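Two complexes, one shared chain (chain A), two partners (chain B, chain C).
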Partner chain A sequence: MSIRFFALAALAGALVAGPASAAQTLLNVSYDPTRELYVEFNQAFARHWQAQGNEAVAIQQSHGGSGKQARSVIDGLRADVVTLALAGDIDELHRIGKLIPENWQERLPDASTPYTSSIVFLVRKGNPKGIEDWDDLIEPGVEVITPNPKTSGGARWNLLAAWAYAEKKYGGEAQARDFVEKLYRNVPVLDTGARGSTITFVNNKIGDVLLAWENEAFLALKEEGGDALEIVAPSLSILAEPPVTVVDANVDRKGTRKVAEAYLEYLYSDEGQRLAAKHFYRPRNPEIAKEFSEQFSDIELVTIDGYFNGWKEAQPRFFNDGGIFDQIYQAH
Partner chain B sequence: MSSATLTASASNAARRGNAWGRRLLIGGAWLVFVLFLLLPLLIVVSQALQKGFAPFFAAIVEPDALAALRLTLLAVGISVPLNLVFGVAAAWCVSKYEFRGKSILVTLIDLPFSVSPVIAGLVYVLLFGAQGFFGPWLREHDIQIIFAVPGIVLATLFVTVPFVARELIPLMQEQGTTEEEAARLLGANGWQMFWHITLPNIKWGLIYGVVLCTARAMGEFGAVSVVSGHIRGYTNTLPLHVEILHNEYNHIAAFSVASLLLLMALFILLLKQWSESRINRLKASAGEE
Partner chain C sequence: MSRRTFPVIPGFGLTLGYTLVYLSLLVLIPLGALFIYATQLTWAEFWAIVTSARVLAALKLSFGTALLAALLNGAIGTLLAWALVRYTFSGRTIIEAMIDLPFALPTAVAGIALTALYAPTGPIGQFATALGFKIAYTPLGITLALTFVTLPFVVRTLQPVLADIPREVEEAAACLGAKPLQVFRYVLLPALLPAWLTGFALAFARGVGEYGSVIFIAGNMPMKTEILPLLIMVQLDQYNYAGATAIGVLMLVVSFILLLLINMLQRRIARA
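And then the complex of A and B:
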C-alpha cells in the first residue's frame, strides 16, 4: 500500500512538474516590501506588452531581504531583472558576480530608481510611549524593531537615517556613533528582512516602534486596519532609493533582453508610476506625485549621494565586516 | 527515599508517593501535550477555517499552492525511493559484512541528523552555485541545479538520508546472517536470497523507515529554503509557500496550506502507527517460537 502510494506520488509529481507555460518568462528578483506592487504591476505590464503585439509574457517573482536576494542572484538565481532595496546590493552583482556592467545605474532615468520611499516610524495606536522623533528611540525602556543591516536593505536605510539625524543635530561623527549605538541597544530582535520585522512588530506584537519603509508602514496600516497602529513621521529622514536593473548576463543567455528592458521602462510610464504610488511608493514623475501629494507627508530628506557620498562609500564604511555597524553592535 | 529501611509504613508511604508521582507525571505529560502540541494544531485549523470552508479551499486550489504541492510531492517522490535503495544497501553492508571503516560509515550516515539543515543548503550553494566549485562548468553546459528543482530534491535527499538506514541497521544486525547462509547453502543466488529471505524479514522496519523519511521530506524547510530562490509557482515547496503567504498578511491562506500539510502529516502518522504495530506483532510472534 505504502509502496503504491509513493509510486503514485512520484508519478503525479513527474507528470506535472516543470514550468507549465511555453510563453516567455521573466524572473524579477526583488526585496521584501514590493510583493504587492509587483503582483499588480506584472499584470499591467503583461497586458501592455501583449497589446503592443508581442508574444505573451509570464513574470515570476521572488522576494526576500535585499542583500540575501542579491547573494542568490550572484550564486546563480537566474533573474532577468533585479529590483532591490539599494544600489549597494546591485553593485555586488557587478563586483562579485560580473553579471552587469559597472555603469548599470546610468542606463535608466533618475539613477535607475523609478520610485522612492523614506523611513518612518510605525507605533501602536495612541502612541503610548509618546514617540515623536529619533531622540525618543534611544530612551531606556523603548523597544525598537528594525531588521539586520547585513541582510536587509531597509535596515541599512534605517541606520543611515538615524545617523544623519544625530550627526546633524549633535554635530559630529562621535556623537552620531554614540546615538546609533544607544539605538541598537534598544533592539530586541534583528530579523533578516523588512517584512520579517513588520510581522514581528504587527503580528507578534513585540516592540514599541518599528523603523519601516514608508510604503511598508502604509501597507501594514492598510492590512491591519487603522485601529491598531499609527505612523509617525520624524523631523528628518533619508530618501530611500530602491533601484532596478536588467541582469545582462542572464537576459543575454535567455534571450529576454528586449522584454526585460521594456519591463523596467514601463515602471516609468504613467501607469507604472500610478501603481507605485498606489502601493505607497513616492513616484518620480512630478505630475503623478502631485496627484498623490496628500498621501505623503513632507519630511526633510537627506540623500545617499548628497550626504553619504553614495553607496560605494557608505557600504564599506558602515556595513561591511568590521564597519561601523559591527563595531557598535559588538559593543553591546 | 534512599534509606533502605523497609518497614511496612515506609513502603506504604512510598507506594502512596508513587501514586502521587505517577499522577503528577501523567498529568504533566498531558499538560505539555495539550499546551504545546494539540493547541497549536487546533489553532492552525481554526485559523484556516476562520471564514468558513470556501476561502480554505480557494487557498489550496490556487495555482501557486498547487504548484507548491506538486513540487513537494515531486521532492518526496524522488528522494524517498532513492533513500530506500540507499538505506537498504547501507544497512546490508553494515550488518552482513565486516570491513575497514565500517564505524566511520555508520557515523557518516548519521551526519544529516547533526548538521543543521541550513548548512546542508549552503554546502550545495557552495558546490553548485554560480560562484561555487562546479559553477562555471554547470553554467557552460546550461545546467541549473540550485534555485531550481534539482537543488530542492538534493537538499531534501540530504536531510532524509539517515531515516531508512537507521531503522534497518539494528533490525538486520539483530537478525544476523544465519538465514541468508542457509539459503546460500540450499543454492539460492544473491537476488533470490535478498528477495525471499532478507526482504520479508525487514519488510515492516523498511516501511517504518520509509514513512519517517516521507514525513521529514514533506516538511523540510531550512535546507530547501536556502537553495530554493523562492520563485512563486516554481521553486516553492509547501512549507515555503506557507511562510510566503504568512509574510503577505494572507493568514487564512497560510493556515489553510498549513492545514493541508498537517493532514498529509497525520496520514503519514497513521501509516507509521500501522507499520509499527506490525513490527511489534512480528517481534511478539518471534518471541513465542
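And then the complex of A and C:
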C-alpha cells in the first residue's frame, strides 16, 4: 500500500463526509471590515434558525477586498450570499457572471442594504492640525491618508464624499474637480485597501488624517493604539450602502435558497439590526437607530443613487480608465 | 552509414516525454491561455493599453528597480557567497540558514515589516528623514524590498561553484606571479561568471513580477511609484480581464527577451 493510496482514500473520505457532517452549509462572501459583525451574526442566525424547527446550519464566511471577492464568485467560488462594499461590485455578478437577475437590488427592503455606514475623519489625539471639515484637508502641509480608489471600494466612497461636499459648497463640477485634485495632492501614499491605509496611518504613523469608514474608525479606536486617535465627523458625507444578495445560480444548484433568503432577511430583524449597530454600522430600522443615537453623530448624508445616479453612472465617470480620478493624476 | 548516436543511458524517450507533458501542464498551457485571452483585444486596443503613459512609467519602474536590485544582490551576494565558502567562523551555519529566510517568509509580511522600518517615522526611516530623503514610498523603497526577496538567488547559485574551485588553482596562479587582482580577473571570474549570470537572471525575473512585498512600501502613486503588477490588479478591479492580460503579455514578452539575452551572453562566455 502506497502513500498515494492513503491520500486518495483520505480525499474520497473527505468528499463523502463533507456534506454529511453538517446538515446544511452556507457560504457568505463579504468584504474586509465585516468580519467581526458576521462572526457574531452567524451564531445568532444559526440559533434562530434551529429554534424555528429547522435542521442545523453551518455558516462559513470569507473576507477580502470587495472587488476581489466579487471576482472570486464570478470565477466560480460557490457563494450562497454575497455581502459586499458597494452595489457596483454586485452588479458585475449579473453583468459578467449571469449569476443573479438584473433587479437583484429590489428584492429586499432599503435597496437590499440592511445597514449603512459613512465616511468620517480619523485624526491624532487632540487634533493637532485642527481638522474640522473637508476644507481643512486641502490646506498645504496637511497629509491625507486614503486608499487607491482603483483597487478599494472604501476609497471610492471617500472621493465621492469629498466631491459632493465641494460641489454643494462651491457650486459646480469644475470647482469640485479642483477641490478633489487639491485633496489628492495632499495624499502621500495610496494603499490598495482600507486595512492597508489603516496600518499606514495608525501603525506607521504617516499622515494627519485618515479618511475611513465610520465602522472602521470606531474599530481602530478600540484596538491597540486607539487611545492616540479621535474621530472627527465632517459637516457632509456620503451614505455608504453595502448591499447584500442571494446568489441565485449557486443556491439553486445547492438547494439552499430557503435558508439563504432567511439568513439575509434576519439581518433586518431587531436582533440583526442591533448586532449591526453593535459593530458600528448604522441600522436601517429607525427604532433601533434611536437606541444607538448617541453612538452616531448627526451628519448630512448624500446617497449614491440620489446624488450620483447610482454606481452604473458613477463608476465609469469617476473610476474607470480615463475617468476623473485618472485625470487628476494626468494633470500633474 | 548513418552517424546517429545512441545515448549510453536508456530512457531518453520516456524522460523527454515526461518533461514535455510536465512543462505543458505547468507552464505552456497557462501562458498560452494568457495569450489567447489577450486576443480578445484588437491590435489597436492592445497597443493603446501597453503604450499608455501610465503603463510605460510602470514598465520603467518595475524593470528598473528589478535590475537595480539584481545588480545589488550580484555584488553583495558574491561577497556573501565568498565569505560563506572560503572562511570558517562561528555562527556560519546560522547565517547560512538566514540567507534562505526571504524565501520562507510570506512576502506580505516582509513588505509590512520593511515599510514599518523604513517609513519616514520608522526606526530606520527617521534617519533618512533627518538627512532629507525618503526610503519608503519611493523607487528606493521598492528596490530595497526587491533586494530583500531576491537575496538568496546569487548566493545560492555561486556557493557550489566557488566550493568547486580548488584553492590550489589560485595558489598556482600566485606562484606564477599573478597579483591578487589578476588572480581574480583571469582565474576566478571566468569560472564564476556563468553561475553569477544565472543568479542575476533569476533575481531579476523574480523582482519584475513581485507584488506582495512591494505593494506596501511602494506608495502606489500614479506615474511615480506604480509597479506593473499593480496595474494588472487595477484592470482586474475594473473587471477588465482583457486589459489585465494585455499588461501581463507585455511583461512576459519583455521578460522573455531579457532572459533570452542573458542566456545568449552566458553561452558566449561559456564558449570563450
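The rule we apply is simple: the second predicted complex is superposed on the first by the 303 of 332 C-alpha atoms of A that agree within 3 Å, B and C clash if a C-alpha of one lies under 4 Å from a C-alpha of the other, contacts with A are read in each partner's own complex, and residues count from 1 in each chain.
Methods note: a residue touches a chain if its C-beta (ideal position, glycine included) is under 8 Å from a C-beta of that chain, and two chains touch if they have at least 3 such contacts.
What you see is a predicted model; the values in this text were computed from it and never measured.
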Touching partner for A:77 - first (chain B), second (chain C), both, neither: first
Chain B versus chain C as contact partner of A:127, first or second or both or neither: neither
Which of chain B and chain C A:192 touches, first, second, both or neither: second
Partner chain in contact with A:61 - chain B first, chain C second, else both or neither: first
Contacts of A:206 with chain B and chain C, given as first, second, both or neither: second
Partner chain(s) touched by A:92 [first = chain B, second = chain C, both, neither]: second
Overlap of the chain B and chain C footprints on chain A, listed as residue numbers: 74, 96, 196, 199
Complex contacts: residues of chain C adjacent to chain A: 53-54, 112, 115-116, 119-122, 137, 215-216, 219-223, 230, 233-234, 236-240, 243
Chain C-facing residues of chain A, complex: 65, 67-68, 71, 74, 92, 95-96, 148, 150-151, 188-192, 196, 199-200, 203-206, 319-321, 326, 329-330, 332
Residues of chain A touching chain B in the complex: 2, 6, 9-14, 16-20, 27, 32, 35-36, 60-64, 72, 74-78, 96-97, 195-196, 199, 223-224, 253
Of chain B, residues touching chain A in the complex: 67, 70-71, 73-78, 80-81, 125, 128-132, 135, 138-139, 142, 144, 146-147, 149, 207, 210-211, 214, 229-234, 244, 246-249, 271, 275
